[in-house]
Every structure is written in C-alpha cells, then in structure tokens.
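Structures follow.
Across the two complexes that follow, chain A remains constant while its partner is chain B and subsequently chain C.
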Partner chain A sequence: MSTTPSTYTLPVGPMHVALEEPMYFNIQVEGETVRSVDLAAGHVHRGMEALAMNRNYFQNVTLTERVCSLCSNSHPATYCMAVENLSGLFVPERARYLRVIADEVKRVASHLFNVGIMAHLVGFDSLFMHVMEVREIMQDAKEGVYGNRMNLGQCVIGGCRTDIDADTAAFLRGQLEQLKPQLDEIHGVYERDPLIRARTQGIGLLSQEEAIRHGVVGPVARASGVVYDIRAKAPYAVYPDLDFEVQSDTRGDVHSRALLRLREAAESVRIIEQCLDMIPDGPIAVSGMVTVPPGESVARTEAPRGEVVYYLRSDGSDTPQRLKWRVPTYMNWEALQVMMSGCQVADIPLIVNSIDPCISCTER
Partner chain B sequence: MTNILEAAFAILIFPGGLFALALGLLLKGVDRKFYARLQRRVGPPLIQPALDIIKLCTKETMIPDSANATAFQLAPMLGLTGVLVTAAVMPIGGVWSGVTGLGDLLILLYLLPIPAMAMMLAGGASSSPYGSLGFSREMCLMFAYEMPLIASFLAVAVRVGGADGSALSLDAIMSYQYLHGPLLLDPVMLPAVLALLMFIPGTMASGLFDIPEAEPEVLEGPLLEYSGPLLAVFNLMSAVKLTVVLQLAVALICPNPIGGSVVVNLAWHVFKCLTLLLVSVTCFRAATGRLRLDQGFSFFVKYTSPLALVSLGLAVMLR
Partner chain C sequence: MFPFLKIMVRNLIQGPATDPYPFAPAHTPAKFRGCAVHDPEKCILCGICRHVCAPGAIQLRPSEDGSGMQFALWHNSCVFCGMCAHYCPTGALKMSTNWKLAHLGEERFDNAIANFIPFGQCAECGKRIQPRPRAITDRLGADNPDRFLLCPECKRTSVARLATEERRSHTQETV
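Entry: the complex of A and B
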C-alpha cells in the first residue's frame, strides 16, 4: 500500500488489547482519521480441516467443537447435520429440541459477551462488569445442565448426549427467569445511555446495498436491513414449529448491531422456554452404529455470528474425504473496509468488535 | 539560608517529596479499591500502587532502538520533578501556609502542565505511532482543560481580591476563606467550583477524558513503550499529580481547618482530598466511559469553560 506523506501507518494487531484474537490491520491514518484499511490474517491457522480428514466421523464431533469457544455448539451441530444428511439418519424429535436449546443458550451467552466487550471498548467498565455478571447466569445454566461452561459436548451424530429431565428443566427455567428482567434493563441502558449513543451511533455504517454486495451474514446483515436468518430462511431442527421473530434494523451502525444482539438474546430466551414447554418424550439419540455412504452433503445453521456452512464428502470409509466449513466472520470481515473508511482511530476497536469477529473460526 | 532550607524541606519531605508520594500512592490505592467495590469486585489492597512501583523497579529498563534515548529517559524525570516542586508550594489549611512568595496562581499555571508535557515528550520520543497519537491527544485535551482552569483561577482571584483588584497568592485566597467561609459554599463561585471539579478528571485523564492513554484505542499512548523503573517514575508522577490537583482544589474551595491541632488538621485535609477524589475521579469514571477526542474537546469548550466564565462574570460584577 502506498503511503502518501500526510498519512502514516498505524499497525493494529496481531497483538492488540482491543482484539481478543490475533488479526493484523494495516491502517493508514491522517491525524485521527482512517484513510484506508488492509487486513491480514493467518496467525491462528491450526490446520483443522486437514486434521478432520485424518480422524473418523465420531472424533470429528469433538474436533469441530473446538474450532471456537463462543459458537462451540454451532460447529458440531452443523457437522452432525451434514453427516446425518449423508447417511440418511433420522434424529429423534426430542434430540432436535435439545439441540435447539443448546444452540440458543450459547447464543445468549455469546451476544452478551459481545455487547459487554463493546462497553469495555468505550471505556465504560462498570457496564462491562455488569453485563458479564448477567452473562454469568447463562454460564451457570450451561454448567448446571451440561456440566461445562463453554464446550457443552451436547451434539453427537444422530442425537444428543445430555438429556434435560424435569429437575434440570426447572433449573434452566429458573435461570431464564433471572435473566429476563436483566436483559430488559441492559437493553434500556444500551438504548438510552448518552455516552454509549455518542460513541456508537452513526459509526461503522454499512448500507443495505453494501451489505448485500459483501454478502454479510448474521446480526451484521440484519442490522443493515438484510433480513437473513437461516433459522427462518431454511429452518432446521425444530425451528419450523417454533414461534419467534427475526430481529432486524435499518440503521446499520455499531449501536444498532449491539441493540439487535440484545433483542436476539431476549428472543432466544423465548425460544428456549417454548422448547422446554413443547419437548416430547422419547430417545435422545439413535442407537446402533452409523455408516456413512460415499457421497456429498451440505448443512447450514445460524450460529450467533451468522450462517455456518459445512460441506462433507465421503468415500465410504470411516474418515471424511473432505470436510470444509465456511464461517460467518469470513463473510463479514471484508465489509470492515467499508465500515472503517473515514472513521476515527478511536472508533476502530468499536467497529471491529461490532462484527463480533471470530478469528479462530475463520482461520481454524 | 533559612529560606533555602525551608524550600528544600518543602520539596523533599513535606508537603512535597515523601509526603506527596505517600499521599499520592494512598489516593491511587483508595481510587482503585473504591472503583472495584462500585463494580462489585474485590479490588486490590490499598498498598497495591506502592507494590507495583516496587515490582517495576526490579525490572530491566528497556529503550526501543528507534527511540530518542535521552528524551525517552528524561521525560519521566522531568515530569516527576515538576509535580514534586508543584506539591511543595501547595498550602495545607491549618498545617502549612506554603513557601513564602511561591504559592501563586500564575506560577501554578506554569507548573501544572509539566506532567502533560512530560507525557508528550515521552510519546514523541518513543517513536511509536501510538505514542504520537497519545502526544497529539494529550496536547488537544490540554488546550481544552486549561481554558476552564484559567477562567476558574481568575474567578477566584477576582472574588477574593474584591475592590482592591485581584488576589493571586494562595495565601491570600486561603485567608479570605478563613474569614468569609469556603468558596465551595459561595453561590457566586458555584459554577467555577463545578468547572474545577471537571478539570480534575480532565487533567487526570479519567472517565470521559481517558483519551490520551485510552487502552483499547491507543494502547496507553505515550506509556506504551515504557517499562521497568521508567514506568515506575511515570506512575509516581501520576500519583503526585493526583495529590497536587486535589490539594489545589481543596486550597481553592475549602481549605478551612477543623481545629487547633496540626495532626487533626492534616487528617482533615487528607479526608477532604479523599472525598474530592471519590466524587470527581472514582465515581465519575465508574459512571461514565470515554469520549472521542473531538467530543472531549467540545465538552470543555461547551460546558466547562462557560461555567467558569459565569462565575468570573458574576465576581467582576459584584466586586
């Protein structure tokens, strides 16, 4: 990139306090204004796709769960769906509900984490601490139901591992009851606090046209008026039977993305409650060995950050011939160049955080 | 000869030097502890700032290859010396009336920006782009918060001086308050007091004004390249600066002693500094986040400076 005399290079990353994961931004700055942005990635490439081709189908459930911690249920769930699609397995009804519950529990925790970090980035650490404390309710729920606070280990090929019995369901409902008023309160704070508004409104703008042009997904797309949610567009598991509203906004700035995430978290709480009401009795996984015939399959789900796509090709052996996945951040991070053009240096961390980047997913 | 000894004592032992360092570290410790409690955290022990200094002193001094080594090492020394001298001229009500002929508002206007200038020098010398950003942010913000400071100083001087003109010496300002009650309770001076309360977080770069050293934005700006003993000196500078700013505010708005004993008055003075710290620094930064540089600048121009000017106008009209 050429450097004109009036600009200078501001290296953000790969190690930077505002980034939770390594990523390098070569930013040309004039005074405090950003003139151009160049992205470079590849610092946490772990060769997971190659690894997946050396492990059998069951080992890969564990592997995909470790792609990323915040969407650690979406990856194995989508992988299992791809395997089930190929082998023609029918997942029991109860297991489908359990998968949705696990997915939505993770979504609430992930969204709260992101909006909490946003408060930290504007220097409002008290709000950050408060949001993380509220998120702790969901962490406790995960620990109580699944035994783990991050990697739930819920999905297996053909079903789920952990059942939710009457006692556990009552505990989960109790946690949700605690969470609901807190979520409302946090939404109000983010919506009305003058400082949050002054710092986040009108920055990181992404118009609907640009959103479509870059093919962004997840909350970033929905906040720019692109109502695209796999749970509604191509429903899987039990989403067709559930009553929920896809949240959207048209302002397309950092503030609207944060508010949208909070509304989605509230919607997720409703979804979990519906699932707990409607869940039928029955087995939680298919019994017997699963065989995967030669062929190809694709599965996609809505992770907290957007659409996750898994492609699987099998030659009939016990290891996949090819396993490839595309994650939401890969679609979203190119749009950063649009969002960051002309912004102030102070806005860079906020804009980067607003796409909720997951580098470990993207580089795997 | 006595004057020189008196000045040396003031700069090295009390109220500058050791006393200012100890009080500064205590204030920093209280700030961190109280801030943590406001966020429902346990927080570090009160002596944590002092422990940090000791730890830093055991570390190696690292100077970046591309930095200007002389300026890089000089900046923290300059800053600490500057604030220690400033601390030495701070009078304490009922305990110490300041070095004769030194406690003057005009001198303070020259001494107070020294730490900010040391930070700018550090940012410039470190050769890091974040340091340069910190430099320009510090400079911008300094212009913004010096305006209300000067206006408040003038308001106080005019109010105290009355018909005889204006009183610039801290001694006169304190004597006036012993006679007429603290300026904190003077309705005419209320806007200027508010402006002064906003100046404190501004100059300490906390809360809304944590702009030059914003950690997520410019990685602590000028301090990014500092480590070991040099960083310890900067931390000490910051602690003494906090003491100086709070003591100045106490001297300007509520210096009145509580009793006859020096010990009681000193404790009362420390208590006032702590109260002021909790109000204008700790609670303020717990309840707010950070503004952008342009927003921070216009905050001082739009709200703080006019407040101080209102008091100045009223003081001029009423004299």
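Entry: the complex of A and C
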C-alpha cells in the first residue's frame, strides 16, 4: 500500500479489538481519521469443517455446539435441521417448541452481552457491570433448565434432550419476570444516557443501499432498514405459529444497533413466554438412532447475529462427506469498511463491536 | 440527565451479587451437567457412548486375559456435553452435579473413570457374550428373557426352532 506523508498505517489487533477475539486490521489513518480499512483474518482457524468430516453425525452435534459460545445453540440446531431435512425426519412438535425456547434464551443472553461490551468500550464500566449482572438472570436460567451456562446441549438429531417440566417452566417464567423490568430499564439508559449517546450516535453509519450491497444480515441489516429476519422470512420450527415483531430501525449507526438488540431481547422474552403457554405435550425426540441417506441438504436459521446457513452432503456413511456453514459475521465484517471510513481512531472498537463479530464462528 | 445514577445507587445498596465461594457453598442446580459417573453394574458394553463422544474421552479396551473390557473415561478430555448419558440405553452413564474437578498436574491421567466390566456367558453354550446384568435383563430383555441371555448363534437356533415348531403346529391345524 502506498503511503503519502500525511497518512500512515495503523495496525489494530489481532488482539484486543472489542471482544478480545483475534482480528487484524490494517488501517490507513490521516491524523485521527480512518481513510481505509484492510481486514486480515485467520488467527483462530481451527479446521472445524475438516473435524466435522472426521466425526460421525452424533459427534458433530457436540462439535458444532462448540463453534461459538454465544450462539452455541444456533449451530447444532441448524446442523440438526440439515440432517433432519436430508433423512426426512419430522421433529415432534414439543421438541420444536423446546428448540425455539433454547434459541431465544441464548439470543437474550447474547444481545445483552454485546450491549454490555458496548458500554465497556464507551468507558462506562459501571453500566457494563450492571448489564452483565442482568445477563446473569438468563445465565442462571440456562444453568437451571439445561445444566450449563453456555453450551445448552439441547439439540440432538430428531429432537431435543432436556424437557421443560412444570418445575423448570415455573423457574424459567420466574427468571423472565425478573428480567423484563431490568430490560426496560437498560433500554431507557441506553436510549437517554448522554455519555452513551455522545459516543455512539451517528458513528459507524451504514446506509440501506450499502447494507443491501454488502448483503449484511441480522441486527446490522435490521438497524439499517433491511427488515430481514429468517424467523419471519423463512420460518422454521414453530415460528409460523408465534406472534412476534421483527424489530427494525433506519438510522444504521452504532447506537441504533444497540437499541435494536435490546428491543429484540425483549421480543425474545415474549416469544419464550408464548412458547411456554402454547407448548403441547408429547415426545421430545424421535425414538431410535437415525440413518442418513446419501444426498445434500441445506438449513438456515436466525442466530443472534443473523442468518446461519448449513450445507450438508452425505454419501450414506455415518460421517458427513462435507459439512459447511456460513455465519453472519462473514457477511457483516466486510461492511466494516463502509462503517469505518471517515471515523475516528477511538471509535474503531465501538464500530467493530456494533456488528457483534464472532471471529471464532467465521474462521472456525 | 443521568438515568444510570439511580441504578448505580441501588446496586451499591444491594451489595455484591457474587457467591462467597469457597467460603460458602456455591449454588448448583439439580440439572447441572457436571462430571460423568459410570455404573459398571449396568454397563452392557454396547459402545454407543464411545460412538457419540466427540472429543474421544471414552475408551473400551479388551482386558489382557480376554475376560472382559476396561471402560475408561478421562474427565480432562470430556467436554461435559452429556451425549453419552443421553444415548446410554441402560442408564449406566450419567452426568452428576459434581463440578469440583480441580486437581494437581501429575494426576491428570488418573483423573478418570476406570472400570472393569466382565463379559457375560451364553446360558446355553457358555460362549462369551456381552454382559447381561440383572438390571438390564429386566428392562431390555423383558420381551423374551430366556433368549436375551443367549449368544447370537444360540439365539438364531432358538428362533429357528421356534419358527419351525410354529409352522408344524400351523400345518397340523390346517390339514
């Protein structure tokens, strides 16, 4: 890259940007202003797609759950959907409700985490601590219902593993009741606090045209006026029967993305409550072990960060011939070049965090 | 102006939100997925746990004298997913609520389950078969308890004998 005397290259990363996940930026700056951004990826490549091709269909449920910690239910759920699509399995209705509950519980926790980190990057650590403490309500719910704070282990091929009985349903409802007023309060703080607003409003702008051009997904797209949510566009599980609103905004800055995540978290709480009300009795998984015929299949779901796509090819053996997935951050991080052009150096972590990057998903 | 001040004051009054562990017990939910426990009395050496174990923490190794199998599960390789317990047909493997797994570095290979499971014997010819513990015969072999205790060959013979006997009686009836 050619450098004129007035610009110089600022290396950012691979450690420390926003989420303490390795991502390397070569940033051309002129004074304090960013002129261009170059991304270098590959620091946490673990060869998970190759690992998946060396493990059988059952082992891959556990493997895909460990692709990413914050969307650790979306990956096995989508993988199981791909396997079920290929083998023509019908997941029992109760299991489909349970999967939605697990997905939405994870979504609430994931969004609160991202929004909390934003407060940390603004330098508002007391708010960060508060949001993380509120998130603990959901972490306790996960631990109490599923047995683990991050990896729920809820999905298996053909259904779910953990049933929600009367006790755990009451416990989960209690946690949601605790969470609801706190979520409202946090939304109010993020909306009105002068410190948050001064640091995040009008920063990292992504217009609707640019959002479409880069094909961004998830909250990043929805905050830029692209109302695209797989739960509504291509409903899976029991989403067609649920009443929920896809949140959207048109401002497309860091602030609007954070507020949108908080509104989505509140919407997720409503979805969980509906599921707990509507869940029918019945089996939670198909009985017996599944065999996967040769062929190809695709499944997609809405993870907290956006659309997750799984592609599976089977040759009829007990191991996938190819398992490939595309994660939302892959679509979103290219748009960072648009969001970061012309921004201040101090705003780089905030903008990176606003796409809620998951490097371990993307580089797997 | 500063909407957070109210929350901050409230949090200050409430005091710490963390558990005082290790000075007081930490809360462990009843459904907590802790380290796996193995009951050798119920194990039938089917191997499904090893089949579904993604990190390869489970090993089934024939013993030197050939009288049984050595079951091993290394807690340090285990990722606590609980798939083994989920697919275990007899409930021999379970996830306990025990999460206190800190140990010294030199004990890293000893921090494991090591159980010897002897083979069973065919009730007819005495040939070596998978173990048939009482807890299992009652459940899995409930349909045909006698045949459940046979080796595959004796089982085939017994099924064939039964089938021919049935046909014989059937023929007698129709004639």
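Criterion: the second predicted complex is superposed on the first by the 362 of 364 C-alpha atoms of A that agree within 3 Å, B and C clash if a C-alpha of one lies under 4 Å from a C-alpha of the other, contacts with A are read in each partner's own complex, and residues count from 1 in each chain.
The criterion applied here is as follows: a contact is a pair of C-beta atoms (placed from the backbone, for glycine too) under 8 Å apart; a residue touches a chain by one contact, two chains touch by 3 or more.
What you see is a predicted model; the values in this text were computed from it and never measured.
Legend: residue contacts after superposition of the two complexes on their common chain; A:Thr9 is shown touching chain B, with no touch to chain C. When both complexes are overlaid on chain A, the residue A:Glu133 reaches chain B and chain C alike.
Contact with chain B, but none with chain C, is seen for A:Ile348 once the two complexes are overlaid on the shared chain. Looking at the shared chain after the overlay, A:Leu121 reaches chain B, while chain C stays out of its contact range. Contact with chain B, but none with chain C, is seen for A:Gly31 once the two complexes are overlaid on the shared chain.
Shared-chain residue A:Gln59: touches chain C; no touch with chain B. Common to the chain B and chain C interfaces on chain A are residues 124, 126-127, 129-130, 133. Taken in their complex, chain A has these residues touching chain B: 8-11, 16-18, 29, 31-32, 119-127, 129-130, 133, 195-196, 198-199, 344-349.
By the touch criterion stated above, chain B contacts chain A in their complex at residues 38-41, 129-130, 132-133, 136-137, 207-208, 210-211, 214-219, 286-295.
Only residues 1-4, 7-8, 11, 17, 29, 31-33, 51-55, 79-83, 86-87, 95 of chain C touch chain A when the two sit together in their complex. Listing the residues of chain A that touch chain C in their complex gives 55-56, 58-63, 65-66, 124, 126-127, 129-130, 133, 136, 143-148, 151, 153, 156, 161-162, 168, 185, 188-189, 192-194, 289.
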